[in-house]
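The structure under discussion appears below in the form of structure tokens.
Here the chain labels run A, B, C and D in written order, and each chain numbers its own residues starting at 1.
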């Protein structure tokens, strides 16, 4: 482990006044191997953190500063979590990583993963929660996000940080792109099934339902309590940016390009995403085969669990925890199955997975700081 | 019109202490052509109605009596709304309709629809909100509802009361089976498309999301506030009783038997159902064809509206109203489309449609008593 | 009645894109004596109304225009409802009423109330939903609203439009200031008790709880779903602007100046205000006296109802309706009582009361267009 | 510490299928000094715990058994948490404690608190979450709970377990009665002020607002989602059983008997209680004195915090945590103040405080297992 005071990783959180920022603080402030030393915010800079987030009052935390006013030279930060708007992140990370000239990956190759952390000494490692480095293709990025990629030279080294699949790359990673919330809940159940050839790549329909925190903390009329409570609606139909991200990762699992339907809905709840995925069984595959495949894949994973036959996972079962629950069901339509998966979008879908990645990057037990059970009701 | 005092239809409501019962009272108490003369309840019998439903206090309503204690001989009731648990309804309706020997349908045939109401004089006409007479096949009923049909002799004359398709049969109907809430929101957009041959009958996936009132007013742990708020889950996956009901009506529209996927979810809101239907375009059909087909079908309907291109209907847009909104979207998957439809499950999905049926049955303007706009927020 | 086409009052709604504006449209679009001919909005000007408020789609309404672009000369408007931010309203209303030189009140005095409407012919009458003309004293206004009153010359003729107490002044009024939502729910139960000398004027504590629509439709972080759902908090403690407004009206009822405690709380619901008022009984007054006093006062009122002994009014019992329910309870503290009152803040607390006032101003039945029962659940 | 395997306290949870039971499991399953060895449930006995509470799946927990079928002789349990309905608890605890003949208190007196735990060896110590042993007077109990006390001989030794005031008695306690949720949130701010003579004992008004979990997990119509969402109401006005409990403890703090107003309201949220207390300042006391008094009292307490001047505590700031936040405000009424306090009713108001008491009883650090920050949003 590369270490700060008392062998703790010194943490910087960029964009600490949003929901994912607050969630990082909640998880890291009790993390035995981490020490928050820097927090930036934009409109809330200068305000005491316990006024911005009174639920985190009484903690000994650094003040919120504007990102432009951070004097990086004078601060020793080992890991930087980025919770900034897309676009912004690319430029800031490019600046942050500018100092290091040598390829971290080369070092790791040469010295073995054990020395990875040491190899990266001197420049902070970046765990990005934005969408800026998730898409392998900068063309695809430009197409879906409406502007050219601002740091295309960094894209090749970015590790797509779905911890369960990225575990080997993380120790040597200098830049980790944490998956979107929708991609996390969709990829975890579907990738193993595609990899095993158990489901057809055509006509995969992912009907997803998300809580409102997924829309962030920005002051938008559309997210006011009275606009979204007591109702449900679909949005971004056939146009949501998480569509191509899901396709990228499912295509990797399948071994060839595929296209999926992804239809998100907004549900009047704070946290949680539920994905109902409709799939066609390949060849002679049975629904039991799907279940067995997923159980085998996740039996040793600390945060992914296939629930008992007949049990329908609910988002409230993972609220506040880093868990993903998966249920497998036969369809009435012959030759088809229904997969239901749930996560807390702010934890496994964002800040929790980011901490999980950090744990692996720095050689700590993967569950450190993430042991909390779900909060229900 | 067969008429009571002042030419108003004298109404009985069986099961008035549930949510659909209260909704009937809300709609009928201001209906210029109706007069509530009888209300039954089970556990709440004997309680003042304004204690059972304080939101309907201050009205001049009959007291709640037990259904067993109703002396039918002494009461003049023209129309009976049944909001009783399934099974129960069949026996009670069989009793109610026992008196009339002659076939109403015969009369209508003989005398023309104009005299239908007159033909039915002397016995109450029944508008049933339960599932007891919705399925044409009593075998299918027994299979899905777990007991033999108790009034199979009445099933043939029951009219499936989706008003928009039943309009011609209603004036002569003695027994109307109002559709379930899920079937209403699914059939309205899909039936015309199947009838026109615009979508394939295979692989229709109906992912539906309902508010909690759909589960009724019974005291069940599963429906406590703290069990269902702040979360979402699927239930009855591949096993919900509204599946075969939807299939029955879509099969009629298509002209041949078809099977569908129907997957309901429970959303933390009181009212509303949203159905996201995933369909495959037939032949050269385009998404614009779907939209044009539905617009043409519903242009003259007072309660069904195809929303503007790009607008995603939300359940809160129909809260408390008898409207159904329909949106049509292209899918990213080639050759497929997505249809989003919404209703208020207690109004168009239950009591509102029942009143709409009554209006047609008795020759009143179809929108009478149903003119209220949606309540938002 | 002064009349437009077909003897309907021609209505202008200024600020139609907020919640009170939408609520005015909901109530007026079905009102048999009103015809909406003008609607203004600011940021939403130019957008089709059914995109701004899809729940009111399918109606035949005028387009939204910017208030600055209204050509008043070319429009015949009988009544203008103002739902604009405070301050703004004063200047706009001053402009609107500029044309009329003669004193309406004088005319009424001279010709009797029967000809009041006729006397006002030619200039629109104003029903203001903002706080701009509620406070009799322009000094008090300046102190609490942070700026000088912009139309002090109009303040003397403004009628404080709590319909139940303003009924005699309304027919002759040219400018009606509709009460705030909190004042409405507080004054209705307390004013008669103070007027009768039944409660002491000291130490009246009004602990109020409001739904989120009370905060308006502006895009503020504090009102995002995820900021306010699943929680409750007090706000504006001892500093809320409705405090002096309540004091003004209760002082009038009591006959001398009094000071009250008013503490509002924000509750995660869309609509509704509940006030729990803690009062001390005067002299030998009993709790039964309080109840009798209120029952006598409101027995003939169509929208105010004292509920049965032991029944606790809930906001959901008045949702969407123009009703106010009042419950009276003995306290455990000797010599004290607890009064619970509820309204829908958008109806009786705003747009419903505005329509009620319009009905009285124009000599229509007071309940016209307001007959809807509450929507529960 | 009296110890089980690996020096952990062996825990029994009676009534594990309710909300407080689940919350105990959530907190204790990660507690480094505790080991859950027994869990009872009534209707859910025999069901796997992860079906009763899927959010706690994947843990290694004992099965749920009926309380009647527990063979106490064969089980080694050090501490028993009781989350049973009132009345029931008295008899069961009487049975549990029957074995020990000697007075624990005597032992403690003789041997000093250091040996208290040892003194109690051999019989489980009881931490009761019900109301059965909270009231010192068994007459008062009978009056408010509708039946005679079933274990009056045990009442004298029961410690009222508001940890902050009971800290010295807990190490020697055999039977701890954890305070009710409302009493906890009311006593923490008010007791120190009364003890210091800063507020008058007359006319204390406690207007409290609670989430729905406070009503328990029993299947009651009144607590269905659709009955309580989107609304607020008062209940148990002047008759709630927590009234006398609050009076008992505030009377102790004040030094003489006092009576209070306590008015609870039900808010559509899962967790949290907010109390708005209206008090009269004694003599020359200022609002600043109140604040200073509370700050001095709680400066060293890990779970109670006086928030900054002007900040209004919200229940969402303590969701899922064991914290109590207190705000102090001047009233507009001269000589009065307003105190706002918040807790999570299931944590500091029930299971968290029970664990906090256990920690003190067994000589562990008081915050063990309770370090989690609040979950917001």
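Please note the rule applied: a residue touches a chain if its C-beta (ideal position, glycine included) is under 8 Å from a C-beta of that chain, and two chains touch if they have at least 3 such contacts.
Everything numeric here is computed off the predicted structure, so don't read it as measured data.
**Student:** Work out which chains are contact partners of both chain A and chain D.
**Tutor:** Chains in contact with chain A as well as chain D: B, C.
**Student:** More C-beta pairs touching across which pair, B-C or C-D?
**Tutor:** C-D
**Student:** What's the distance between the Cα centroids of chain A and chain C, rounded to whole Å?
**Tutor:** 48
**Student:** Roughly how many whole angstrom separate the Cα centroids of chain B and chain C?
**Tutor:** Centres of chain B and chain C (C-alpha means) sit 37 Å apart.
**Student:** Distance from the CA centroid of chain C to that of chain D, rounded to the nearest Å?
**Tutor:** 43
**Student:** Would you mind listing the residues of chain D that make contact with two or more other chains?
**Tutor:** Residues 19, 213, 226-227, 229-230, 268-271, 313-314, 316-317, 319, 377 of chain D each touch two or more of the other chains.
**Student:** Looking at the complex, which residues from chain D come into contact with chain C?
**Tutor:** Residues of chain D touching chain C: 202-203, 205, 207, 209, 226-227, 229-235, 237-238, 243, 259-263, 265, 267-272, 274, 276, 278, 312-317, 319, 329-334, 336, 338, 340, 377.
**Student:** Quick one: in the complex, what on chain D touches chain A?
**Tutor:** Residues 19, 22, 26, 29-30, 48, 50-51, 53-59, 213, 229-230, 270-271, 305, 307-308, 311, 313-314, 316-321, 323, 325, 371-377.
**Student:** Which residues of chain D touch chain B in the complex?
**Tutor:** Where chain D meets chain B, its residues are 19, 211-213, 217-221, 223-230, 268-270.
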